[in-house]
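Two complexes, one shared chain (subunit A), two partners (subunit B, subunit C).
So, the complex of A and B:
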């Protein structure tokens, strides 16, 4: 594995669209070539070299390339978006669209991220040590096919719209979450380790949600059916099992309606 | 002698009443009286006649005073600002005509701007929901003639759209609704006892921020499934009663307003309300319609969608249209410090945005095109007064049900004043020259 290090040298005046910061774009390039990769600040064409000092070496392929950003990226969007392999690590915060449309590889942000982290994700792993804003693992606007695969783990808290239109993959929020979890979902798993305000599983067709904390406002469309012992993300506990959203359409399998499952720790 | 002009269109709210009568002086320069319009509509017409009206562009000076400049100088400042900015924002558009909006879009494309309209703070969330799940809608004429189940959800037309109920939704005797109000059942969903709620057959006094839960409960009730005893502060029997009233109608309509589009959950509330409409079509005919506020905010969405493919919050900075409210929407752009110049037209963000979004406007090159003196014109570097749309110039507008209606010019603007469209055309032509030179 070869590591490329980017050291921030300048804070963008507006936001920087850093869509080239992926192992796929860096693979097979020299530091000078990487510094010449395109980026945008508003309508102005800039290069990565305008904002970062590039050192180290990229691997021959994305899978052999590790990127380390040695500093804060609070004003940089699209880090690791659309990547297929390799790793990206940011020692600090990152802005919107971290790992958006990602297909493979690993992203690790040691600080916080803004909204749309893991949007439309298909595979790979995202680990955020801090908090995430809204739209973690959500669908792009207007698309009814959201996150399909991969894992997003937020060690802190998250805002609203977690896993909207989700079809597959796993999202874990270790602290509290605000509202709208798995809205419109037709698959996938969301694990909430903390408390959540409400709107958990609204309009949900299929898929699974585990809640370790409390749900302040339960959706009226979820009905308790039984109580079960489960091991979830390494923890064994007893959960109340609900099915829903009873107001939503549901597919049938072998003559039986399939509902979404919601497990709330008893 | 005076002249009476009939069938004038009121350029105030999204009801776009087209039966106004205006009496003007013989020379067509003074507007004397307005008939048929409601109080706010009348006020809008008469406001154009005020004697202290600003008639020439003004530049904010360092010491806070204003200096009068010519329209040509104003055109130069605006074109230079848009050409130089890294990421300009062109916001507003809801109180101007479609012709001006279209010229604005040409300018936006040339200057690679972000463009957005006042849906940003009202029905933009509805547009997101419509894109997610579609919108079974109809025209106001159909409602007048057919609807016997009316829901007002999170809106108060008695005050915000005063003639809506008399012209379309409650009182008129239509083809299949010959008994007027008697043929209709009215359900109002509002946490407050508004003047509209006082007229309702059923008032569902939903707890603040629980609209989504109530809508979900209605869907469960349609299916006859299990419900908790109380949802959103309302007993389940009352929810089932409302569900039965809705199912038993021949033609129903949900009108919704900012009480649901801007409260907790925003687009999801509308998404679920559309799902309720869809469900009801299993039993009867049902439609849903946003109560649009500004008289031509609907038109702005139409023109954006026609020319750029998205109805608001369009970002052209990369040379193609991108759309993602939360990132490309005005308040987010302003509060996140993502733009470096702002043009406002036909709206007043200074009065309606949070202060954290207004402050940046004062600190960047900015132009406000507006016939009125507003908080926005007050914080902008350049204020360009223009003729009143729908009073001193005509042009195309869209009613809240997406029906295009041509507004009419009833009086002349003050000597030498430009319209929105005329000013924007000058800016566009100057921008073309600047781009050619570059």
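So, the complex of A and C:
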């Protein structure tokens, strides 16, 4: 494995569109070539070298390339977006679209991230040590094809619209969440370790939600069916099992209607 | 329009209006028109080894209006991966941002049509109440000339008059509406069915009664055909038939086409047909359900080939993710209940309705593949290529930017077979279609008929568009195709038509090597009917606007400033 280190040298005046910061774009390139990769600040064409000092070496392929950003990226978007392999680590915060459309590899952000983290992600892992804003693992605006695979773990709290139109994969929020979880979802798993305000599973067709804390306002479209003992993310607990959203269409399998499952810790 | 003289030298000219099949000849341009000759100071464009055609004419596309805008608004994901970063040259030329794939922005619409060498596009369904907006949007679309067809098939006035068999009153109402909306001709979408949708119903046969109005699709179609010829409009009645998109609808399609029998064409614009039946692909289905869904393109085209009073366009499925939008309100609800994607439904007072639903024509789904085959079969079974036109019913069966791909499929059996071979359910598709048995490959001459001379004649504008005779508009496309030595790789055909080597619109070079150089001199084309006042219709309109409409009569017409570049075709009707 080879490691490329980017050291921030300048805070962008506008947000920096860092769509080139991926192992796929870095693979097989020298530091000088990496510094010459394109980026945008607003409508102005810039290069990564305008904002980072590049050192170290990239591997021959994305899978052999690790990227470390030694500093804060609060104003850098699209870090690790569309990446297929390798790793990206940010020692600090990152802006929107971290790991958006990601297909493989690992991203680790030690600080907080803004919205749209892991949007329409298909595979790989995202680990955020701090908090996330809204739209974790959601679909692009207007799209009906959300997150399909991979894992997003937020160690802090998250905002609203988590896993909208989710089709697969796992999202874990270790602290509290606001509203709209797995809206319109047709698959996937969301695990909320803290409390959540409400609108959990609205118009949900299929998929699973586990809530360890409390749901302040329950959706009326969910019905309690039983109480079960489960091990979720390494923790054993007793959950009340609800099915829903009863106001939504549901597919049939072997003559039986399939519902979304919501488990709330008893 | 520039007065600059241009001469296009040495190209293979393909011009069906003058029976030119790749003749090497020069095309001279002056003052925005084709002329016999120009002075020696004319700008010379070398077209040696390239094909020269008139600007394309699109007879049916949805490119402006409320439902197109709704599509743009409710499908941000259509823009996500389709934006083009403006090149330095584009920025220098003042070109605007382009976005959208199936429902491109107005700018992208104009630029992309121009890049493909198209000069005229007909917006195929204008809800009259929203005609001011449509004209604003047409004005906002650069380069291409456009017209718009107001919809009449579910209009309350029309249904009231036709129930009583009043052709003259219907004609007077049509004339009034064309004049106030700056419309081009008579469009009819799912006659009666869209009105029935107000009661949650539809009209799926010619004799289904429209609730409340007590008329039938048969009466509406026949009445509009007669009223159109009473007025002698440039274009014929333009119909989207009943029961679109359902298995087994081909018999109804043929029955509806037969309504054109016995109606005589009457006009001064060189038009020969009395009915234009649009996106025929959606109406040529056999089978009783999606399981035994099959092509009936042969049966439908056998009838079309026999009846000279009919023109059609194909509505080719291009196997893309797209956005369906139509004034056929009940159909869009039906589609939404099949694919569960987002749906918009709109009612337009006393006139029409509309719906919008995204749709993915997935090559792994058998039905989509059969639809793809049917669209191509229609063109390949046609005998008179001046009566069948290339469309994708943009964006319903695919975006207009796929015309070059459809041309490739029509011109190359090899290209068709490559697609067929890629299908997951190839055998089932072959069982349900006959495309694999057809060896025919269309020529450039036939493509020019389908995209240039044919549609221009069908719209009654054969002396303006679709040809390169002196006196016609100087809309000339130059394509990187050697007529005498066509490429063996079909991809090169698609590439040549996607990006014209050069496109001259109204005598000005607007595209060079696929790059847009100018916003051009676009015109809005409409029809103005001069006829004696019909007092009863005048009274009915006044009364209805007082009683029923949400706008007053004085606020209804399209103001002149909304269509600042008019090209008006005058029609005189004698008492």
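Observations
In the analysis below, the second predicted complex is superposed on the first by the 266 of 266 C-alpha atoms of A that agree within 3 Å, B and C clash if a C-alpha of one lies under 4 Å from a C-alpha of the other, contacts with A are read in each partner's own complex, and residues count from 1 in each chain.
As a working rule, a residue touches a chain if its C-beta (ideal position, glycine included) is under 8 Å from a C-beta of that chain, and two chains touch if they have at least 3 such contacts.
Predicted, not measured: the structure shown is a model, and the values here were computed from it.
After superposition on subunit A, the partners subunit B and subunit C are seen to clash. Once the two complexes are overlaid on the shared chain, A:219 sits against subunit B while remaining clear of subunit C.
After overlaying the two complexes on the shared chain, residue contacts for A:18 are found with neither subunit B nor subunit C. Of the two partner chains, subunit B is the only one touched by A:246; subunit C is not. When the shared chain is aligned, no partner comes close enough to touch A:59: not subunit B, not subunit C. In the superposition on chain A, contact of A:31 is made with neither subunit B nor subunit C.
After superposition on the shared chain, subunit A has more residues touched by B, the comparison being subunit B against subunit C.
With both structures placed on the common chain, the touch criterion links A:141 to subunit B and to subunit C. In the superposed model, A:49 makes contact with neither subunit B nor subunit C.
Clashing C-alpha atoms with subunit B after superposition occur in a single stretch of subunit C, namely 346-354 (options considered: 220-228, 346-354, 400-408 or 454-462). Residues 140-142, 144 of subunit A lie in contact with subunit B in one complex and with subunit C in the other. By the touch criterion given at the top, residues 140-144, 249 of subunit A touch subunit C in their complex.
Across the interface of their complex, subunit B is touched by residues 13-15, 17, 40-44, 77, 96, 115-116, 134-135, 140-142, 144, 160, 179-180, 183-184, 198-199, 202-203, 217-221, 223, 245-248 of subunit A. On subunit C, the positions that touch subunit A within their shared complex are 74-78, 80, 340-342, 358. Only residues 85-87, 112, 128, 131-132, 210, 212-213, 216-220, 222-223, 225-228, 231, 264-265, 268, 271-272, 275, 279, 317-319, 323-327, 336-340 of subunit B touch subunit A when the two sit together in their complex.
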